[in-house]
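Read through the structures below before going on.
You will see subunit A twice below: alongside subunit B first, and alongside subunit C after that.
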Partner chain A sequence: MRRINGRERTVLWFGGALLFLALITIGGRFLAEKAMVTDFSRKNLAPCPAYLFGTDWMGRDMFVRTLTGLSMSIRIGFLAAGVSALLALILGTASAVMGRAVDSVITWIIDLVMGIPHILLLILISYACGKGFKGVVIGVSLTHWTSLARLIRGEVLQLKEAAYIKAAGKLGMSRFKTAWKHMVPHLLPQFLVGLILLFPHAILHEASITFLGFGLSPEQPAIGVILSESMQYLAMGKWWLALFPGLLLAGTAALFDVAGESLRKLLDPGSAHR
Partner chain B sequence: MELEAKHISFQYGSDSRQILNDFSLKLTQKERVGLIAPSGFGKTTFCKILAGYEKPDQGEILLDGRPLAEYKGYCPVQMIWQHPEHLVNPRLRMREVLAEGDHLEGRIVEGLGIEPDWLNRYPAELSGGELQRFCIARALGERTRFILADEISTMLDLITQSQIWSFLVQETRQRGIGLLAVSHNLPLLQQVCTRVEDLEQRD
Partner chain C sequence: MKSHFMFVGKQLIRMILLLICVSIAAFFLVSVSPVDPLQANVGQAALGSMSQEQIAKLNAYWGVGEPAMSRFLAWASDFFRGDMGISLLYRRPVAEVIAVKFVNSIWLLAAAWMISGIMGFLLGVLAGMKRGTWIDRAVKGYSLMIASTPAFWLALVLLMVFAVWLQILPVGLSVPIGMEAEGVTLADRIRHAILPALTLSITGVSNIALHTREKMIDIMESDYVLFARARGESSWSIFKNHGFRNVVLPAITLQFASISEIFGGSVLVEQIFSYPGLGQAAVTAGIGSDVPLLLGVTVISAAIVFGGNLTANLLYGVVDPRIRRGGAKK
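== the complex of A and B ==
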């Protein structure tokens, strides 16, 4: 059998991670009904072949609940990371091209948001927006754009001064075409990788504020809700209620990280040769 | 057309040395002028000002009596730089670099010895000399009236140097493009140019 090279292995990692995450998201969506089913004839079962993650005190299948919760987390992450990355792109570019006054205002806002502990700001915004799905998405979106915005601002500033971009102006290339031809090929990889690397943060933060009670409401099958409920039963020896959902949450976050890092390697030709 | 630099003064930042002091130069489309000076005397700076990349502190650049900055779109004065690797986008293929030129004729690409195979490569896959040929070709677009060549051949071997210079001389003479050639190398300038100016002595 032919040995696969580094680049092919990276493609496989990237594809595998995306496939797995897609399966969780879609699977969880279809299992949503099943996750609500309570059956007291099977309550508090330890993990067994029929119920891989066991069941809880109301006889709900923890495997199905976990998948549904994760699916919800991923969808929230998708929305929040998307909004956040878009915000970063717009503000970062505006900061770099719209002159000094705009730049100092935007960098001041970036410093302000970065200066306040993430989780605190997140709780405040989520609470102010009435918690729930909307509160979490707005909260995560408004707190996670800063570092990507900074990155994009720096990149655009550097590109603006690049000799080949100045030469393009002298060759009569319009500003729009210069941006499209010369800037987008540099910014797009940064943006895509930044977007994917935002996911794990968004998902973990969603789970943490839900766990603390400032996020999704208790009747929703969210990972944060599962974890906070299981706290009461941990002391009674029901270890599986927290262990498996927690592991899967950590695994999902790690997989997004793998996907982002592999994409970075694929899009930056220099690093693929290493 | 006539390109004129009138009483140009320039320094980088207010506390640094005065690089150009009341320097003037006139160049017509029929001429090939050589500009010689040791390092640090502002040869590149002067080219950048003359091509409109920098604004002089005092004085002005006139093209047929009109300030160069008033010419919008394609600039009739094109500069070829010393370091071609900074002048091409590392993420675009060489085909796209040539496409930036203004209606380039195949004759120019051939005359500079650009191989068809190079067009599909990225800048990192070509040598400095090979990249420089692309930059020269790109600057020789249809609407170019003046070429400013800033040490364009320092990184090339002698055979390639003579190949590129003889092409450039023939091309500019044939199309009536004015040429300003900047170099340390006096014999080269005497060979290529119709007259040679010394930036040091005019200072």
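== the complex of A and C ==
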């Protein structure tokens, strides 16, 4: 068998990461009922082949609970990262194209959002929405667009000055057609990569805010809830309640990173050499 | 020199305007909250037993029914005079509560900030200069791994290992439980701050190391470094004479921009280690609907973040003669 080259390996990484994430998302969705099952005949079991992550004090299978929680986190991440990326695209482009007044207002808003520490802003927004699911989604969507918006603004500003864009204008191409034919193909890869790289942040922040008690309600098998419950049992030596769910959460975030970076390398081969 | 003062003045005004906007935004957020201050703070049972006049009085006290604008102006003018209101949970002036929490937090934050900044810078420079070697791979691997690890889970793991399993460090709080304030030694305080500071440092290092590494790689690929190599300069003298001066500017930006992240991390970490600092106060205030305290912590933390950015902008001029002479060039 011939050795696969770097680009093929990147494709494999990208595909593998996506497949794994899809499995977690879909698997967790179908296991949702099983995650709620309590069975006191099997409570506080340490990890064993039958229960990979052990069971908690109510005899719930931690592996199933973790998967369900992660699936929930990923779906919230989808919603929030999507909204965030769209906001970034609209505001970033508007800031670069619509003149100085709009630009200074939008950069001002970006500075404002970046000035309040993320977690604190999430707490405030969650409080404004009366806590719960809605608060998390709105909070994560409204706090994560800033850096991508800055990136897009910079790119568009640079593109506007590019020789081929100016030439297109001078040749009589309409502004809309210039944007569609020359700008979008340049921006789209960066936008897609930025979108995927938003996921890990969105997921980790969702878990954090739920962990603090502002996010999803305690009945839901969310990953933040699992970890905050596990805190009470740490001192009793039930290490598996915290260790494995957290590891899987970190792994999920890392996989999104892998997917995003691989996609960047595929769409922008020059960046692979950095 | 005059243009430099102009630059500083502009930055200062910008910072103050941003702070005013932050307080307006924060006030707006807490005032659209569906959480009814009367329900949250007086309680359903107590409300039921009160007469209409008493409820009307309380409504007036909490500002229910008053337009948000006039409430904001009242709050802001008090705030400006140093009166941040009374914390509803601690039953003491917010300024007092924040002062106590701030002193607790600042040591923790400062330690984590310094450690993560210095370690991140050193690791980043080392990885950038030794690009492609095992050092580079190790630093990069560590940074990428930590970037996807939630800080609060890391705190839990450290707590598990050092406090529960090895039992060499305390589980939480900033001082031993049940001890008189005078009996607390500096050693006690340090012992209690080790784990939270360690968590914050471990997570803080990764971002700074990664970015410093990128900058260092850019510098190592530049013509002046190539020329220095051709002259036969050693790695150390390249770093000393060419690398350091060029990498220190972006490092300052990063270091001061990381204040916001360290503060955000401290909210989670203080909660886990029950360390009574600003972060924990924010969480308690949010959960207990203590609006004055929540607003106070938000404005203070935003002031710290903006102050950091301002300091970074001022330091550019000190570090880089080009900016000092060129005035307000960024």
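One rule holds in what follows: the second predicted complex is superposed on the first by the 271 of 274 C-alpha atoms of A that agree within 3 Å, B and C clash if a C-alpha of one lies under 4 Å from a C-alpha of the other, contacts with A are read in each partner's own complex, and residues count from 1 in each chain.
Note that a contact is a pair of C-beta atoms (placed from the backbone, for glycine too) under 8 Å apart; a residue touches a chain by one contact, two chains touch by 3 or more.
From a predicted model like this one, the values you see are computed outputs, not experimental measurements.
With both complexes brought onto subunit A, simultaneous placement of subunit B and subunit C is permitted, the two fitting side by side without a clash.
In the superposition on chain A, no contact is made by A:A202 with either subunit B or subunit C.
In the superposition on chain A, A:L91 makes contact with neither subunit B nor subunit C.
Partner contacting the larger number of subunit A residues, of subunit B and subunit C: C.
Contact with subunit C, but none with subunit B, is seen for A:G130 once the two complexes are overlaid on the shared chain.
The superposition places the C-alpha centres of subunit B and subunit C at an angle of 100 degrees about the C-alpha centre of subunit A, rounded in steps of 10.
By the touch criterion stated above, A:H186 is placed in contact with subunit B alone, subunit C being left untouched. By the document's definition of touching, neither partner reaches A:I152: not subunit B, not subunit C.
In the superposition on chain A, contact of A:A242 is made with subunit C only, not with subunit B. Once the two complexes are overlaid on the shared chain, A:K166 sits against subunit B while remaining clear of subunit C. After superposing both complexes on chain A, the closest C-alpha pair between subunit B and subunit C lies 16 Å apart. Applying the stated touch rule to the two superposed structures, the subunit B and subunit C interfaces on subunit A have no residue in common.
Partner subunit A is touched in their complex by these residues of subunit C: 18, 21-22, 25-26, 29-30, 32-35, 144-145, 147-153, 156-157, 159-160, 164-165, 171, 214, 217, 260-261, 263-265, 267-268, 271-272, 279, 282-283, 286-287, 289, 294, 297-298, 301-302, 305-306. Interface of subunit B with subunit A (complex): residues 51-53, 73-75, 78-79, 81, 86-89, 91-92, 96, 100-102, 138, 141. Against subunit B, the residues of subunit A that register as touching in their complex are 162-168, 170-173, 181-182, 185-186. Here subunit A touches subunit C in the complex through residues 108, 111-112, 114-120, 123-130, 200, 204, 207-208, 211-214, 227, 230-231, 234-235, 237, 239, 242-243, 246, 249-251, 253-254, 256-257, 274, going by the rule given at the top.
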